[in-house]
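Okay, so subunit A shows up in both of these, paired with subunit B first and subunit C after.
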Partner chain A sequence: MSVAELKEKHKAATETLNSLRERLRDRRSQLLDTDVASYAKAQGKTPVAFGPTDLVCCRILQGHTGKVYSLDWTPEKNRIVSASQDGRLIVWNALTSQKTHAIKLPCAWVMTCAFSPTGQSVACGGLDSVCSIFDLNAALDKDGNLPVSRMLTGHKGYVSCCQYVADDDTRLITGSGDQTCVLWDITTGLRTSVFGGEYQSGHTADVSSVSINGSNSRIFVSGSCDATARLWDTRVASRAVRTFYGHEGDVNPVKFFPDGNRFGTGSDDGTCRLFDIRTGHQLQVYTPHQQQQKGDSITSIPSVTSIAFSISGRLLFTSYSNGDVFVWDTLLAEVVLNLGTLQNSHEARVSCLGLSADGSALCTGSWDTSLKIWAFGGHRTVI
Partner chain B sequence: MGETSNGSSSSSMSPVSVSSPSIVYVDLYGKRRQLAKVQVLEREIGVLQDEIKSLAELELASRCCKELEDFVEATPDPLIAVNQSRGRRRSCWKNFWRKIGSLIQCCCCCSTKGDCTCFPCAKDCCRGGRKKACSSGCCKCPEITCGCSCDSTCPKCSVCCCNSCLCF
Partner chain C sequence: MDSTSQPNGNDRPPTSRSQSNTTSSNYIGKHRLTAIISQHNQQIQLIQEELDQLETLGEASLVCGQLISSVESSTDALLPVTRGPADGGWDRWFQRANQSSSSRHRRRWI
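After this line comes the complex of A and B, so read on.
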């Protein structure tokens, strides 16, 4: 078969693929007999009510001199690592606001950071296309800097996100601008598996985020600038388990729902969505009220920059490029609070947010160079 | 596998003799790439066809919604008041006791010295107007949080040079 004939075959296969995707979308829509909000309303649910002092800013972490791009909590103990445009990682004691480490990075263009499950190490990555590991207990070098303990090299594009596999300080998953995700063995520095890539069935644009299933660490989801999210099983790198369509713009953050059977996504199209991993159903779309008004041009829609679920999943925290930080009632798809308008709110875009391991506090990181911690300030009935 | 713009490696180019005396070189390197791309598409087509077949046995979205709601209702959440589910029945007395309760909680936690272990206790009643300067002169210590905005020229400021912050 000649190259010309192969190109024709490629064109025909692409048309078949697009036609099948449309048929799949139509068949799926017949199975969407309801969404989460309609179901909850039919059950008589009322929205979570927040008073003005129920969620308060109780800590301000100051020390970065550039935009904060990423943050991560330790699985135990209340410590946070943050990555900033100033080229540093800072490790904070979230309860006392003290810094325990300020790590000057070999490459200042950092985009992501993560805490290891034991809290002994941190990982970061960025425009150098490398994921660097730092042992927080290591001796400082002659310049007084914490040395890199391992460099994970192999990506052909920037490292946009990283997350350690639960309960395993030796394995980590990264997402990259080279359209792949990689599972690494930190002990050897080698790639265990590559998910996607040029001749594999994977993302067709930059990977922006990953989230590992808290109930089954073999499963993770990735979000991409190709407007899809994909579910992966680490035992099968050749193709995604499932591809989730629906968004109309780049998918930025992805995060598993606490029960491990659903996950949320946020996008440049201004919406967040909730998908079911076993059925592939899109269960809910979270569209801010402002976008529901007609006449908004696509250029004025604020992008979703980060998302997190509360420990029960009842609350969905979402940050946007215009500085809003909405707290959604996940079941009723209603905004119940805007942290962006509260006292002590950030002065610029919130780029990252995350819940502490016990779900009692939310940390937000912002382009205003600070991180803030929010906790429930109301009264609890003791049962 | 490296990519060349004209595929001029002798191993990828093969002469094909035709009836005329001239010889045509066939770009086999480009052919391999195209073949690989077609194979990827055919694999995707197979996956989609399997997925369409599997829809016949797939449960409705309402089943997933019920599972989700059951999980949320069964899981306690530290960020939500326990009596939320009873709806909006707050009276002014309830608000009064709410404020008193939160103050009492706050004071109990702050009565112990050392690290405060609950986030909400960084309230004014705990700080009580105590404002202390950092022990190290090179640090500027914002009053509210005692987070150091360390002077980068200070040789001690590679980490926060404040000793244990007594602002809480």
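After this line comes the complex of A and C, so read on.
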């Protein structure tokens, strides 16, 4: 085929693609007959009402000497691992505030950490493009440091996020600045699957976050600086199950909803969104009130740095680059509390959030170098 | 690429083979174009599949209903009003633990 003929084919294919994309966008917006908040209001739902002393800071975990970038709870209740700019991982017993491990990292530029399902190991990754695994029960080396038990090498860019596959200490998923996600076999140190990348369709910019479905660990979602979130099935690495459009800036955090059928995203565009995985519908946009006022230039909109759902999904916790930590009523899309303005709130932005396994506590990690634990200390009505 | 035959002037009929021999950029252009067209066709197929799927999927309102019932049927320790059963462990954060080890001996881990 001649170059001229190929150019014709290319032009035709591009036109078909663009018109199909428009049709898809139009059809989707026709099906969006309501959002969650309008539906819930029509049903007469009222927002969650917190008293001023209901959600309180009940622990302050101090020990890092640099910004906290990432945290993760164990599946068995009380332990947390945190990663900091000080080049260390610290393992805490959140209930007693004691530190059980302080791990000096071979590469100080850490961005993410995760606890293994059994709580025996922790993983971390960062600018070294490697995901390092530490066995918490291993003997210390001659310098008194916990040695790396496995290095997962292969990414061609920084490791921005990592999460162990549920109930499996041997498998882990990472997201990277090289635009791919990888499923690793920790026993061999090899990549089982690569999602996206040069020869497959996937993200077209850095991957910033991943979240594995709590109900079906074969499914995970990734968020990226290409402003999309993508849903993947670990059995099919060649293409995403679905791509979710809507955000107008980098997608930073992504988190599965507790029921496993939806997920939330947060973005540099200042909003969070709730998507349904089965239909692909964007069910709700969470836009802070300040942004809804006209006249805000794009540069003054605070980015969403982290998100987490309470265990029922009724509450959505969101942290922003300006230090706010909003508690949203997920169903009514209203902010019901700002942890950033409460007594004992952090003194700088919160970079990471996570719920304990039983949902009784929220941990926030901040650039002020501390972690805080928040729990419900008010009068609880059980129906 | 056949590097032995040279471009020969305007009297030669423009066959695709001679065009591919004229400049290396044309040859690479063809490969790149073919790859892009193939990628576009793959995306066209995916979007078509998604459009077909949408016909059977139903409106957002159906999903909203499911979401609300899933949320309201779950227990949640952080809500002022929640479905039971409550777990006694929820309030462990407010029970008086052994305070001395945490507040008195705070060391810098440097």
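Of note:
Going forward, the second predicted complex is superposed on the first by the 361 of 383 C-alpha atoms of A that agree within 3 Å, B and C clash if a C-alpha of one lies under 4 Å from a C-alpha of the other, contacts with A are read in each partner's own complex, and residues count from 1 in each chain.
We take it that a residue touches a chain if its C-beta (ideal position, glycine included) is under 8 Å from a C-beta of that chain, and two chains touch if they have at least 3 such contacts.
Bear in mind that the values here come from a model prediction, so they are computed numbers and not experimental data.
Following the overlay on subunit A, a clash is recorded for the pair subunit B and subunit C.
When the two structures are aligned on the shared chain, A:T118 is found in touch with neither subunit B nor subunit C. Contacts of A:T188 after superposition on the shared chain: neither subunit B nor subunit C is touched. In the overlay built on the shared chain, the residue A:T46 is in contact with subunit B alone; subunit C does not reach it. Touch criterion met: A:Q200 reaches subunit B, while subunit C stays clear of it. Legend: residue contacts after superposition of the two complexes on their common chain; A:G144 is shown touching subunit B, with no touch to subunit C. By the touch criterion defined above, A:T100 lies against subunit B but remains apart from subunit C after alignment on the C-alpha atoms of chain A. When both complexes are overlaid on chain A, the residue A:R88 reaches subunit C alone and has no touch with subunit B. Of the two partner chains placed by superposition, subunit B and subunit C are both touched by A:A361. Judged by the document's definition of touching, subunit A residues 1-3, 6-7, 9-10, 13-14, 16-17, 20-21, 23-24, 27-28, 31-36, 39-40, 43, 45, 48-49, 54-55, 58-59, 62-63, 65, 95-99, 102, 201, 239, 242, 258-259, 261-262, 276, 278-281, 283, 310-315, 330-331, 358-362, 373, 375-381, 383 lie at the interface with subunit B and also at the interface with subunit C. Put simply, subunit A touches subunit B in their complex at residues 1-3, 6-7, 9-10, 13-14, 16-17, 20-21, 23-24, 27-28, 31-36, 39-40, 43, 45-46, 48-49, 54-56, 58-63, 65, 94-102, 140, 144-145, 199-201, 239, 242, 257-259, 261-262, 276, 278-281, 283, 310-315, 330-331, 358-362, 373, 375-381, 383. Interface residues of subunit B, counted against subunit A in their complex, comprise 26-27, 30-31, 34-45, 47-49, 51-52, 55, 58-62, 64-69, 71-72, 75-85, 87-88, 97-99, 101-102, 105, 115-123, 142, 144-150, 152, 158-160, 162, 164-165, 168.
The touching residues of subunit A, when paired with subunit C in their complex, are 1-3, 6-7, 9-10, 13-14, 16-17, 20-21, 23-24, 27-28, 31-36, 39-40, 43, 45, 48-51, 54-55, 58-59, 62-63, 65, 77, 88, 90, 95-99, 102, 201, 239, 242, 258-259, 261-262, 276, 278-281, 283, 310-315, 330-331, 358-362, 373, 375-383. Residues of subunit C that touch subunit A in their complex: 16, 19, 26, 29-30, 33-34, 36-37, 39-44, 46-48, 50-51, 54, 57-61, 63-68, 70-72, 74-87, 89-94, 97-98, 101-103, 106, 108-110.
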